[in-house]
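You will see two complexes here that share chain A, one where it goes with chain B and one where it goes with chain C.
What follows is the complex of A and B.
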């Protein structure tokens, strides 16, 4: 009896803690979205109030859509993020497969070398990267951003995926070899589906920093045609005047694409976990 | 069609030598079992034969053809793994047909061969299911079916029964024996279970620490073990070993007598001793006794016998069935 009660108590306190954390995490998002629908006076006078009949205003969204090519910025951000994730997952998984599956000289050293980037921020190389991009004429192209973000995401991807690939049964791969599957078929058809949860994890970890990044778009691709959403929103933040309506609206809009991507990957993640459980 | 010849096969992982020169001939249609304790290199040898692992040195001929440069899929072999290793995303039917599809067989042919194998193994009701929807025994039958469909020259089994429960193991063992009679194919089967080895094999290869200890038919190994290792490994319960000195045999170092070759009496016999423990198995009674002359002995009696711990009994070995070994552990004949 008392056991049942304490476990109730425990689960209640766990839920309380998680609920509180969720509230704290979501509060800024909530504040951003709510205030993006209010006029300037209402934002400053009562920032916590929901938009009412007289404080409701879409002025922020109108400014955002009028000023600059926001649809273009969005599609730039989406292109860069999606293509980078694709390459990170593809090359990361291939490198991880080679490291975990084949015995060759310097295997461990190579693994360490490839994971080194987790500890060394890529921004330290900004000057060299910029020089390289200038030399190759890639400045102000999305390709430049995609290359840099792929490099930035690979170390973590290789590290996580090679650990997971070590757990895929050797017998399964050997059965494939006896049935005449090529090494590529074994990789794409047998191993990749089994490490899907890990791929989803890597995708989520890779995606957020890319979407939110301001540094590389500002340095490598600041042209109007290649601006990303984060960079595009900066026009509303001035040294002396900041158009808060527009900033909040732009931020609110920027949340949704990542949210959708995240939901796609996390569904994969959960499906992967449960399909593993019944196997 | 399906002979195998191994000559001086060696395999090392780094500095660790796992196979230390294996020579073996397997005739067409033979059922050969590799048996030995865990970690002695049985699976490694099987993977070398399959081509999944390159031997460090030595030659492998399948059907008189040197296969060193032939990839696994082209060696005319099929392998059944301990962990089933079914493709999780394919149905039973596609699991069995994949090898043929990869080899470019036409659809009707694949269909026919899968149907034949599935009838042989009573898998018809499960053809449309995925491996996750099958029980362990059914999965192992699918794995065996996948091997049959390839119609290989050589079947390789790597401890196929060790993940099954006892009843299923006996049933699947019978099924494999039946399969061997029907297909008349050459089979190589790895196990650490000597009962499986004794019941299935035409020829048993006893391995220990990467080397062959003895090759022979089950009864040869039982009746004429070549050394102490084989004598102790084959037979259950294991052979009793007694220091020859204690029994006054100067020509040998160790004497061996199987538990079933000792008789017990309450009145008189060669070795007096006290019962330590008794196991009643119904058909057999296993008596463990401490004797003054021969040390701890295991005795196997047929039928039921009312012995109890601390009973004083006399054991008499059948001298004609005693094994003698020299200082190197080799049998003296």
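What follows is the complex of A and C.
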């Protein structure tokens, strides 16, 4: 009897602690979104109240959509992120297949060489990267960002994918070989479909840092036409520091896509992280 | 390195060059080498040169001497390094213990709402630094007054100060904002490690009467030490390479009075220039090299010393 009571007490205190931390994690986001729908007076007088009939206002959103090219920034970010992920997955999977499937001289060395980039951040090469981009005329193009992000994503992708490809059965691949499939067909038609869950994990791991990066857009592509959402909102909000409606609306606009994507993919993402992809 | 793959297999059987291996490896190697490895080494190489009378000349370790010893540079550099170190220590002392504690609670079997807590606590990690930085700037702003009002709820309104604006509290505040954002990562990695502990081990512990807290300290913690090692080194690399949050919250000058300046912001200002300061490629490369050496030292320490000492258990 007393044991049951202590376990109740314990689970209550666990819920209290987790609930409190959840509140800390969500409160700032909640506060921003709620206040972006209110008029100026209400923002200051009652920041915690939900927007009511008399405090509701979309003035901030109107300012933001009129003045900033958010749709342009958004499509830049989307292009850069999607194209980079595509190349990371394709090139990463190809290299991972070569490393896990074939035995050749220098295999281990190649694996080590490719995994150097997991620990050493690409940012440290910025000085020479900018120099190279200037020399090839790629400054202020989305191509520059795509190249950098592809290089940045490859090491982890090769590492995770080759771990997974080792688990694909050899019998299956050999059966394919006997049936006269080329090595390329074995890779594209047999192996790739089997490692799709691992590809999803890699895609998520690759996406987050690319979408949120400020450093490379700021240095390699700061022009208006190539600004990403992250850089765009940074510059935009900087101009409107005193217009609280506009700032809160701009922030909410930047949060929405992430929030929606997270709600759709959170299960997949969390399963990816906890499934032992990072060992 | 590529010449190695052209050679055939190690078996004595004579086979033609297996071109497909090369084709599978080539795109990844090309992009990775051209955009990451070469620029990295070129940057390290550049740190040995400087511009004298419009001519690029080899100066050996001269740039490092300037960075560590010259009045103008040394003060900024040592300040940034010290701040970066504090930034890292705060993450290790606050972020990782909170992450471990949250993971320990989440991994309690049959805990209700666990999926909801997990999803909610991980959310800030996905937001960009720009969003996080501005949100906290607004919340901590004395003009809006949300923070003082909330302190008022617990009767501590007098404790409020414009923390981001005061030199002695700005760095701690920025670090805590970063902790708030990133606590999800140690939480998830430790959570995964805790889930991987086999049932039998826990059951055996329970049969021996080891439950609750002592079970966590004596059974689970030693088993998740490798995961704690990984989050420590991830935190280290991430912190000594940080830039975005400080830039968003405090600007490139990392004010007030350089009190939140870390190596990333110093590198940005030095290399790219800011306001009246002109960009200096050689000194930028020098600072990047120092950051590289610091990160390399940390990673080697982890790989060659810490990781080997941690006892791993095979189940």
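Heads up, the rule we're going with is that the second predicted complex is superposed on the first by the 212 of 279 C-alpha atoms of A that agree within 3 Å, B and C clash if a C-alpha of one lies under 4 Å from a C-alpha of the other, contacts with A are read in each partner's own complex, and residues count from 1 in each chain.
Here, a residue touches a chain if its C-beta (ideal position, glycine included) is under 8 Å from a C-beta of that chain, and two chains touch if they have at least 3 such contacts.
Everything numeric here is computed off the predicted structure, so don't read it as measured data.
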- request: Could you look at A:268 and tell me whether it touches chain B, chain C, both or neither (first, second, both, neither)?
  value: neither
- request: Check whether A:140 is in contact with chain B, with chain C, with both or with neither, and answer first, second, both or neither.
  value: neither
Query: Given the touch rule stated above, what does A:174 touch, chain B (first), chain C (second), both, or neither?
result: first
Query: Looking at chain A, does chain B or chain C touch a larger number of its residues?
result: C
Query: After lining up the shared chain so the two structures overlap, which partner does A:29 touch, if you call chain B first and chain C second: first, second, both or neither?
result: second
- request: Considering only the touch criterion stated at the top, classify A:67 as touching first (chain B), second (chain C), both, or neither.
  value: neither
- request: Considering only the touch criterion stated at the top, classify A:75 as touching first (chain B), second (chain C), both, or neither.
  value: neither
Task: Please identify the positions on chain A that touch both chain B and chain C, taking each partner from its own complex.
output: 275, 278
- request: Going by the contact rule at the top, pick out the chain A residues touching chain B in the complex.
  value: 169, 171-172, 174-181, 189-190, 193-194, 275, 278-279
Residue numbers on chain B that touch chain A, as the complex places them: 47, 50, 52, 71-74, 77-79, 81-89, 98-99, 102-103, 131-132, 146, 150
- prompt: What residues on chain C touch chain A, complex-wise?
  reply: 1, 4-5, 7-10, 18, 20-21, 23-25, 27-29, 31-32, 34-40, 42-43, 46, 98, 101-102, 105-106, 108, 111-113, 116-131, 134-136, 138-139, 144-146, 149, 180, 183, 188-189, 191-192, 195-196, 212, 230, 233, 237, 241, 243-244, 247-248, 264, 267-268, 271-272, 281, 284-285, 288-289, 291-292, 295-296, 299
Complex interface listing, chain A residues touching chain C: 10-11, 14-15, 17-19, 21-22, 24-26, 28-29, 31-32, 43-44, 47-48, 87, 90-92, 94-95, 97-99, 102-106, 109-110, 113-114, 116-117, 119-129, 131-132, 147-148, 150-152, 154-155, 158, 182-184, 187, 208, 211-215, 219, 229-230, 233-234, 237, 244, 247-248, 251, 254-255, 258-259, 262, 266, 270, 273-276, 278
